[in-house]
Each structure stands twice: as C-alpha cells, then as structure tokens.
Amino acid sequence: MENLVSQGFELAIFGMGTVFVFLTLLILVTHGMSLLVQKYEPELPKTAAQTATQKVDRHLLAVITAAISEHRSKRD
Amino acid sequence: MSQLVALWHSTGIYQISIPQAVMIFIGLFLLYLAVAKRFEPLLLIPIGFGGILSNIPGVDIAVGDGILAQFAGMGLDTGIFPLLVFMGIGAMTDFGPLLANPRTMLLGAAAQIGIFSTLLGALFMTQIGVFDFSLAQAAAIGIIGGADGPTAIYVSGVLAPELLGAIAVAAYSYMALVPLIQPPIMRALTTEEERRIRMRLPREVHQTEKILFPLVLLILVALIVPGAAPLLGMFCFGNLMKECRVVARLSDTAQNALINIATIFLGLSVGSKLIADEFLVGETLGILALGVVAFAIGTATGVLMAKLLNMFSERKINPLIGAAGVSAVPMAARVANKVGIESDPDNFLIMHAMGPNVAGVIGSTIAAGVLIQFAS
Amino acid sequence: MSQLVALWHSTGIYQISIPQAVMIFIGLFLLYLAVAKRFEPLLLIPIGFGGILSNIPGVDIAVGDGILAQFAGMGLDTGIFPLLVFMGIGAMTDFGPLLANPRTMLLGAAAQIGIFSTLLGALFMTQIGVFDFSLAQAAAIGIIGGADGPTAIYVSGVLAPELLGAIAVAAYSYMALVPLIQPPIMRALTTEEERRIRMRLPREVHQTEKILFPLVLLILVALIVPGAAPLLGMFCFGNLMKECRVVARLSDTAQNALINIATIFLGLSVGSKLIADEFLVGETLGILALGVVAFAIGTATGVLMAKLLNMFSERKINPLIGAAGVSAVPMAARVANKVGIESDPDNFLIMHAMGPNVAGVIGSTIAAGVLIQFAS
Amino acid sequence: MENLVSQGFELAIFGMGTVFVFLTLLILVTHGMSLLVQKYEPELPKTAAQTATQKVDRHLLAVITAAISEHRSKRD
Amino acid sequence: MSQLVALWHSTGIYQISIPQAVMIFIGLFLLYLAVAKRFEPLLLIPIGFGGILSNIPGVDIAVGDGILAQFAGMGLDTGIFPLLVFMGIGAMTDFGPLLANPRTMLLGAAAQIGIFSTLLGALFMTQIGVFDFSLAQAAAIGIIGGADGPTAIYVSGVLAPELLGAIAVAAYSYMALVPLIQPPIMRALTTEEERRIRMRLPREVHQTEKILFPLVLLILVALIVPGAAPLLGMFCFGNLMKECRVVARLSDTAQNALINIATIFLGLSVGSKLIADEFLVGETLGILALGVVAFAIGTATGVLMAKLLNMFSERKINPLIGAAGVSAVPMAARVANKVGIESDPDNFLIMHAMGPNVAGVIGSTIAAGVLIQFAS
Amino acid sequence: MENLVSQGFELAIFGMGTVFVFLTLLILVTHGMSLLVQKYEPELPKTAAQTATQKVDRHLLAVITAAISEHRSKRD
C-alpha cells in the first residue's frame, strides 16, 4: 500500500515533468516555426478563394440584412 | 391462468429492482440537467437516456446482444468513438490565439497538476482504507481534472473500463459546473489589481503557421510522448484538415455529420456503463468527490502559474486566464472573461484565454499519454 | 482454347439459373415501382438494387465475404440499421396532434388487431396444411400489419430471419399501396354522414409536454412491456433530441445524414435477403397474401373503434381517421384526409389523423415487444 | 398443430390486451402530465431563439419571394 | 534513476529507427504535395497523415488494436471503404455526354491497354530478375494504369494487400500528375490539324436514358463479367440514386456525408499500410516506375484509338479526347481541353472529353473484374 | 518463369478482349436503349419539381447577383 502511494508519487513527478518539458519544447519549436514563416512569408497571404468567399458572404449578408430591415420598416 | 402469471412476470413492474429504479431516476436527473440547465447537453442527453435504457429490467439493451452493448463494443471499448469526437474537435479548434502568444502554453501545463494531485489523492484514500483504487484506476480518476470529455473517456476506457460510466458522468458534469467551481478560486488567488491587467492585442497569425502547427505538434509528440500519439494524432489530423483549406468537404464532415454521429454513439455507449450494479457502488462517490477536487486544483495551479510568469516578464499576463488552462473549451475561457469584466468592464479576456484553453487540451492529452504508458 | 472455355464459363450468361434471372426481374420490377410509381422509393430502391446484385451469378455479393453480406451481418442481423432508422423517424415525428387529443391513441391500438389476426391466419393455414409456419414465423408475418417498415424488419430479424426479405418487400409494398387498399374499406364501413363529421380544432400543445412525452412513454414501456424498449427506446431518444431543442445538431444529424446512411445500408442489406433460393419459395406467396389481409383488417378495426368511441362520447370523432391507426406514416393520414374531402371538400382531417397515425407506430412497437417476448 | 393455433390464440388475446392496456394507461398518464404542465406553465413559452429564427425565416422568405416575383414581372 | 531510464526509453527519440524517420518524411512530403501543390488532397492528406501516425515508434497505431489498424480491418481489408467511395462517385457522375455519343466508349476501352501492358512489364521484370512479382501482384500493379483510385485500392486489397500502400500512393500521385504526364504524349501522337478538329455539339439526353443506363450497364456486367459486379454495382447504385430523382436525400448523403466519411477512413486506412517495413522495399520503386509507364501507355492507346476510329467514320473525333479515356476524372478531361485550346482557342473539348473519361472508369472496372477473376 | 510471362500474356489478351467486347456490346445496347426511349418518349420531359426548382434557383441567383452588384456599385 505504502508502495502504491510512492508509485503514484513517482508517476506524478514524471508526469508533470513530461508535461512541462513537452510544452516548453513546444513553445520553443512553435516560436522557431513562426519566426521562419514570418521571415519567408512576410505578408499575410489569404487564399484567393477564401477572400472572395468572405467578400461575397459579407456582401450577401449586408444585402439580405438591408432587404430584411427595409421590408420590416415598410411592414410596420 | 399460468399465462396471465407469465405476462405479469414479464412486466417491468414485477422485475424492476430498487437499484435499477434509482439509476432510472439518475438518468432522468441527468436529462433534467441537460435540458433545463444546459449542462453539456450534447453528451449528457445521450448518456442520460442511455442510462435509462440500460436499467430497464427484463430486456438486454446494455448487455449481451443489446443495441447499446453493441455500440459500446464497436466504438467505446475500441476507443474509436472518443477519437472521432476528438478529431472533430480538432477540426473546430483555432490555434491562432495560442500561436500569437505561445508562452501561455505554460498555463495549460500548470493546470494539469490537478490531474496528478487527484491521482495521489485517490491513492492516499486507498492507503487510509476509505476506498480501494488501483494505480490504473487512480490515474483514470485523475484525468477528470483534464476537463476534456473525450480524453477522459478514452483514458478510462484503456485504464479502468469498470469506472468509465462514473468518470464520464463526473467529467461532463464538472465541465458544465465550471462557471460555479472556478470563480471563487480565481477571486481568492488574485488581487483586484491583477484582475484588471490588460493584455496586448495578439499579433495576426499566418495561415502557414496554422497549417504547420498541428504537424509540429504531432512530430514533437512522436519524439517525446508516443503514448499520446493516438489522441493528439487524431486531434491534429482534424485541425490540419481544417487549416489546410484544400479538403473543405472533409473538414466540414468531420465538424458536422461525423462528430455528431460519433457523439450520439459515444453518449449512448457511455450510458450503457450506467448499469446499476456497476454504478451504484461506493467508488462512484469517491470519483465524484475527487473529480471536483481535480478541477479546483487545476484552476488554482493555472492561476498561480500566471502569477509566477509575471514575476519574470515585462509583458504581464492577467492571471485569470490561467484558470482557462484546465481546458473545458470554451466554457473556462468564457468564465475567465466574465470574472475579468467584473473588475474592469472594458477588459475582454476571451481571446487571450483561448490560448491557455486549447493549451490545456494539449497538456491533458500529454498527461494522458504518460498515464497510459506508465499506469497500465 | 481451354482458356477461352474458362472465360466462357466465367460469364454470367453461362452461369445464370432461371430463378436468379427471375429474381433480377423482380428487382427491376421493384425499381420500376419505386421510380415510376413512387412506391416508398427510399427503401425500395436500395432493396430492389440489392436484390439484383444478390442474384448475379458467379460472384459473392450477398453471401460469404460479399459486400452486401457484410452490410447485413453488420447491421441487419444485429438490429442496428432498423433501430437507427427508427431513431431518425422519432426525430422527425411530431407528437403534438396526439398530445392535443390523447383519446385517439385507442384508434392506434385497435388497428393492431390486423397484426394478431394475421398471425392467427398464418397458423390456421399451417393447420389446414397450406403452409408450414412456426409460431415465430407467424408472428413475424403478422407484424406486416403494423405498417411500419423498420419495426417489421427488426421483428422478423429477431423472430424469422429466413423470411426477412419477403416480409420487408411485402411491408414496404403494402405501405405504398395504402391509397389503394384503404379507401374501399373505409367507405364500406362508414356512412356518408359519419364521413362528414367535423372535428374540433386541436388545442395548442406546450413544448414542455412534447419534451416530457417521450420520457413518459419510455418509462411506461419499461414498466409494462420491456420487450418493446429497444424499438421504442430508440424512437423516443430521437424524439427527445428533436423536442428538447438543446442538441439541434444531433437531432439534425439523426434526421439527415445518419438516417440516410442507415437507410442505404438497411435497404441493401434487405436486398441481400432476396437470394433466389430463399425468396422463390411458396411461403413468399403466403406472406404476400397474408400481408394484404393484415392491412385490410387493421384499417377496418381502426375505423370500427372510432365508431365505438363515438357511442360513448359527445365529441364525435370522424371514423375515417381510425384508418390512419395502422401507421404507414404519413400516407395513411393523407388517405383519411382525401377520403374525407370526397364527402365534404372543406373538412380537412389531416391534422386529426396524425394523432392516430403516430399512435399506430406506438401500438405496433408494443405489439412487436409482446411478440418478441412470447413468440421467440 | 391444434396446439399451435391455440398458442396463437392465446398470444393474440394477450397481445391485444397488452396493447390496449398499455395505450389506455398512456392516455391517462399523458393526460395527467399535460394537466400538470398546463397548471405549472400556464403560458405557451417558446424559446427566444426559436421565435427569432422563425421570424427571420418568415421575413427572409417574404423578401426573397417578393424579389423573385418582382423580377419575374419585370422580365416578362 | 531506473525510472528516469524507463522514461527515456519510452520516448520516440530513443526508439525511432531510420526507416521510420524516412517514412515520416515521406508522409510529410505527401502532405506538402497535397497542400501546396494540390495533389489529390482529398486522399493524400489522410494517407500522408496516416502514414506519419503509422511510423510513430513505441505505440500501436497501425498494428494490433491501434486505431488505424482497426479502421483498416473494418473497411479496407473488407473492401467496404473503397466501394462506398465508388458509390459516392457514381452518385456524382453524369453519363449524359457518354449517352450522347456512345461511340467514345471505345476510347475508354483502348486506354485500358495501359493496365495490361504494365502487368506484362511487371512479369517481364520478374523474369529478368529485377523484381519478384507474382501474377496477382503484377495485376494489382497494372491497375494503377486504370487511373481510378478506389478501383486500384479495391483490386490491390483483393489481389496483393501487401502492396496496397505503394499502389495507392502511386495511383493518386500519378492521377495528380496527369497534367504533366499526358500533354507531351498527346502532342507527339497528333498533328496540329487533328488537334484542331471540332466536334459536333452533343444531342440532349432524356432523363429516362440516364435512369436506364446504370441498370443496362449492371445487367450487362452481370451477364458478361460478374467479377466486376461489386465495383460497378456500387457505382451504378450511386448513379441510379442520383438520376432517378425520387431519393434525393439518399443521393445527397451518398455524395456528401457518406463519401466524405468513407474517404477519411479510407485514407487513414491506406496510411496504415505505409509502415516502414512494408513500404521501404525495392518493390515500391518498381511499382512507382511501372505506374507511370501504365499512365503513359494508356494515354497513348487512347489517342491512337481515336485516330483509328477516324479512319472509319465521317464524324471525326478530336484524338485529344482519347487521352481522357484513362479516367482520372475530371483531370484528364480538363487536360484534353487545355491541350486543345493551345491549338484552337475557341475549341472547347471538355464536354466531349467527359464521355471517354467516364467510359474509362467503366473500362477499368471491367479490367479489374477480369483480373480479380483470373489472377487471384 | 517463362510460364509466368505466358500466363500474363494470356491474361492480357483475354482481359483486353473482354474489355473491348464488353464496351462494344455496351455501345450497342445503350444505342438501342436510347432509340427506344426516344421513340416512346419523343419530348424531353423534365420532372415538374425539377423544372420548378431550377427556375427558382436561376431566378434567385439572378436576383441575388443583381442585388449584390447593385449594392457594390452603390458602395464604391
């Protein structure tokens, strides 16, 4: 039984250690990756398709919203 | 006449046992929480309903060839359902806030202390003779502190399938209770001044960074904690499908039809573990008690880690977002925001809290990987 | 040269048997009915196509490791596909009209007399030596009178899998033929005056009632007829997901992607039971003959029950809606409406007929539960 | 064989009996449930979200229908 | 201390082998091709990601009870996933252009010469001792020339599962490379004048023809090449659901949720076959080399068949559309259009090329049927 | 080994033969089917539902497109 708690203690130490080591490494690697990306792709490129879609969507939304509110104001 | 007796013996009224009736009430109570109180309804409705079905006397639903037993055999015992749900969550996750401020990952790490403290708590209570948990069971209970439903279900499926029902119910209930559990702890551990800290607007993140991140994460997992690779692998796969933008139809299905189907089956399968004989045992009370402790400790350590980081850095972090490190996406981030607004109505922390919030998901899958590797 | 012979021997022209050719024509005929006559196309197209595939000579499709045999093994023999379809139907069902006028449930009860009369008919024909059906087989045939596809498939899968193909084909064909089978019976059993009866507008129903009803129904099933719990449980689960309004994404998936996928697999699996050796037997003719009798009796008893209720009540029921008690949702309700309009063009019975229509679904699952408990 | 028909007869009687008993009980219980609900929730509450959605949908439908018919009348 | 060693031994850094590292790079390279170069991303993203997961050391993902091994066992070894994908493709295919000009089916036939030449090439290289392929393996390699992903996966699953990973990667890579592989061959085999041939507008096609065609095709397959019936049957079933227009909801699901789910699982399952031990063998190089030859020969024979047909007919065919006979829908048809526009900017061949393009799908499933019947 | 290549040769001959025979038959049968259909269904009937849907869709598309471009022109 004593043994079980000490096993658990070991597991907790190693576990938290692994979590912290892992996430610290992840911070470093992610940071490096971001630097590389920002160096070689200085602009913020959005895929053409996406931008187009967003634009249409926003327009469409605006149009429909306008139409609805116009309709409402007429109705009321 | 004997036929009338047979008919009477076939009814549920004749066959039902007290524990089955109790479990049916518990199932109805879970449904009540889900419908009326909006407690994680996506999972608690199938779990609660499945729990009722599983305790209907005189018919095999959750055992043998019963439909819920089949679902559980197909996707719960094999890990398929929680992994598919996790893939879908990956496809819905935006790592942008984390990429803008990777340092906040440490908050997601600190909050996992809840997992390991609870594991120790479970073993300590075994030592003093209150309960009788094995190391694997204690680890499965600890993972409730990860505040991540599919991870908790996956881990307990591997380490302690006999406790799966209670662990899943505890995990989802406490995730729903985050707005009640966290704020007092957050307020107790921070000063008014700290809660007013305003953070800098996060930088914009390249799409390329978002595409590379799940791959970087996967490779690092492969090199350091391979045991976390099934869970984090499916999560990263979902995220890559979303971010790469060339398989929109797959990403869309992963976020909708597929995760919904997996959620229905997962919930019903978990419900099949709410059979009276397995659920109405002393251990369940222990699990419920330890689970809330896990949440509380994770919240506290997340907040304290933020305060620790502030000692070494110019760019101060509002320690409230440390509480979001437990995961419970996006509830915990919203709670951080709400508590922040109490002190400064113009200080919106939600975007800053999303970073530690998703870091908490990563942190608890790493912890899960360690537990699976060393506690089974 | 010997290779040319081998090639010739590998063709279907060389290998096909007369029964296989006949079954392929039957499959094409089912497709014709589905496409040109709109006979329950959602099921008859996969069933008919599966039937053709199953009778292609020289290749294992519906047997061994064949794809349709695998589908059947996965979800038909286990009951999973019909139960998922039933869950989806539950998620599409509105119990509002029934809740507004619960008394019409008795019409749904009466129409089930078709099931048990047919069971008796099958046993009587066995006794006089025309056919040779066991009690379980007779029960499976009777369930055709339930006019509910997934229930018929589920019950015959449990009680008489060897008759499943014929029973499924009969059930869906007669459901499609409801507009031909029912009206003469309805007209014969009612007076012009009765057909003109106008019913009061149903009251509005609380959302809370709609949420509680599937739970009330489930608990009552658990207490009285546990054997019906798998079927009615999945149905009620679907309905609860719809009505509770907090899991719209799950309800949406249950009503769309999931039921569609289950329908495709279910239809193909049923098609795999149309193998010549199993389908082209005398019993099939008996099943087809008894099936139409079941529909006719169910229609008649539904109408007669409405007339009986009118003897004891001030608020008169138009007896035409009694015919909707056989189920065949929503076809039978539409037929009741159409026949009513013939007598009074301003009398719309459709809403009133939806009550007994869904009550008929409940009634036949209860009957199914009894048959599974006592005839297997 | 005789036996089989009598077995079937028994099954039919018990079966229909069960169906009627069950649905009669269901009528009673449902009725009671409805009374309770109507007593404690006298108004007919619709969830805010639902009402809003329905309103927008109906408006949107009206707007689009109007736009289409206007367009058609112009075109013809 | 010993625990620290155990921890170190559990890491991927300690356990990884060179071949595993190489395979992870190959997986990343496939992802790069899919994301940055748009190489068939729908399949190559799950395949590439699955390939990475499969080579993570120290954890069972692609073997034993691992999640990818389970997916593969469920749907790849059984043929279910490729057949479901094929059903979905059938539900997206329009046979209209083919029905308007059925003669172009011969182009789809001719392009299959690539399949059988490659089979011979593989056997010849075995004879001269370069490789060691069996007849079944050679046939599975040949099917790469069918330029049809699900067919290639299905056939190699039946004939040579040990080569499945390499064959799938080759098939999808070359399908993506069609715009590079085909044009030089097309230009070399045609004169400028031939490339300028304008074709008559195709006639309009009745919906009834479109409904009947999948049935006609299925019956002919049943009579002549039953071995192709599982593949073509699922394809025709999908197409019938689409064209009959009475089961729009099933057709919609087959084209969306179901094919997407099957694609995700299929890709991950194929990825599970990219385990280092199985993939990094000499045979893989042979498969890659032979695959590109298969594509080249199929392109050439398609073009040449068009020129042959022109010798016997008044209505000239633009021989460029012969190249579309390899399948690779719709890429090859687009390539034919693009090369045509180089010679005459107003000559749009895309509609004409769709006929041989879908005929190529039929042709390669017929070839697949023959191979499965005689090479296994 | 010699044997294997000759087996492959046979398979190739029979395989391509089957492919050509099959697709030739398919041309003939398809042609016949098309003739029959054109004889008995001389017009090109489209299902009512489909035509209606298409009409609405085309109209709707036109309306929305018009609204969007109008909106854009106003905005710019």
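Each chain gets a letter, A, B, C, D, E and F, in the order it is written, and its residues are counted from 1.
Everything that follows uses one rule, which is that a residue touches a chain if its C-beta (ideal position, glycine included) is under 8 Å from a C-beta of that chain, and two chains touch if they have at least 3 such contacts.
Predicted, not measured: the structure shown is a model, and the values here were computed from it.
Could you run down the chains that neighbour subunit B and subunit C together?
Common neighbours, subunit B/subunit C: D, E.
Just to confirm, which listed pair, B-D, C-D or C-F, duplicates the contacts seen in A-B for more than half of them?
C-D
Using C-alpha centroids, which chain lies at the maximum separation from subunit C?
Using the mean of the C-alpha atoms as each chain's centre, the farthest one from subunit C is A.
Among the chains, which one keeps its Cα centre farthest from the Cα centre of subunit D?
E
Where the CA atoms of subunit A average out and where those of subunit D average out, how many Å apart are those spots?
Here subunit A and subunit D have centroids separated by 42 Å.
Please tell me the distance, in whole Å, between the geometric centres of subunit B and subunit F computed from their C-alpha atoms.
The separation of the two C-alpha centroids amounts to 48 Å.
Quick check: how many Å separate the C-alpha centres of subunit E and subunit F?
One centre to the other, that is 19 Å.
Subunit A to subunit E: how many Å between their CA centres?
Here the centre of subunit E sits 35 Å away from the centre of subunit A.
By residue number and range, which residues of subunit A touch two or more other chains?
14, 18, 67
Out of subunit B, which residues touch more than one other chain, so two or more?
Within subunit B, residues 221, 224-225, 256-257, 374 contact more than one other chain.
How about subunit D: which of its residues touch subunit C in the complex?
Contact set of subunit D toward subunit C: 1-2, 4-5, 7-9, 11-12, 14-16, 18-27, 29-31, 33-34, 37-38, 41, 44-47, 50.
Hey, which residues of subunit E end up touching subunit A in the complex?
Its residues touching subunit A are 3-4, 7.
If you look only at subunit B, which of its residues touch subunit C in the complex?
6, 10-13, 15-16, 24, 28, 31, 34-35, 38, 41-42, 45-46, 49, 52-53, 56-59, 61, 65-67, 70, 256-257, 260-261, 263-264, 268
Please give the residue numbers of subunit A that touch subunit E in the complex, ascending.
For this pair, the touching residues of subunit A are 10, 14, 18.
Mind listing the subunit C positions that touch subunit B in their complex?
78-80, 83, 211, 215, 218-219, 221-227, 229-230, 233-234, 236-237, 240-241, 244, 246-247, 249-250, 252-254, 256-258, 373-374
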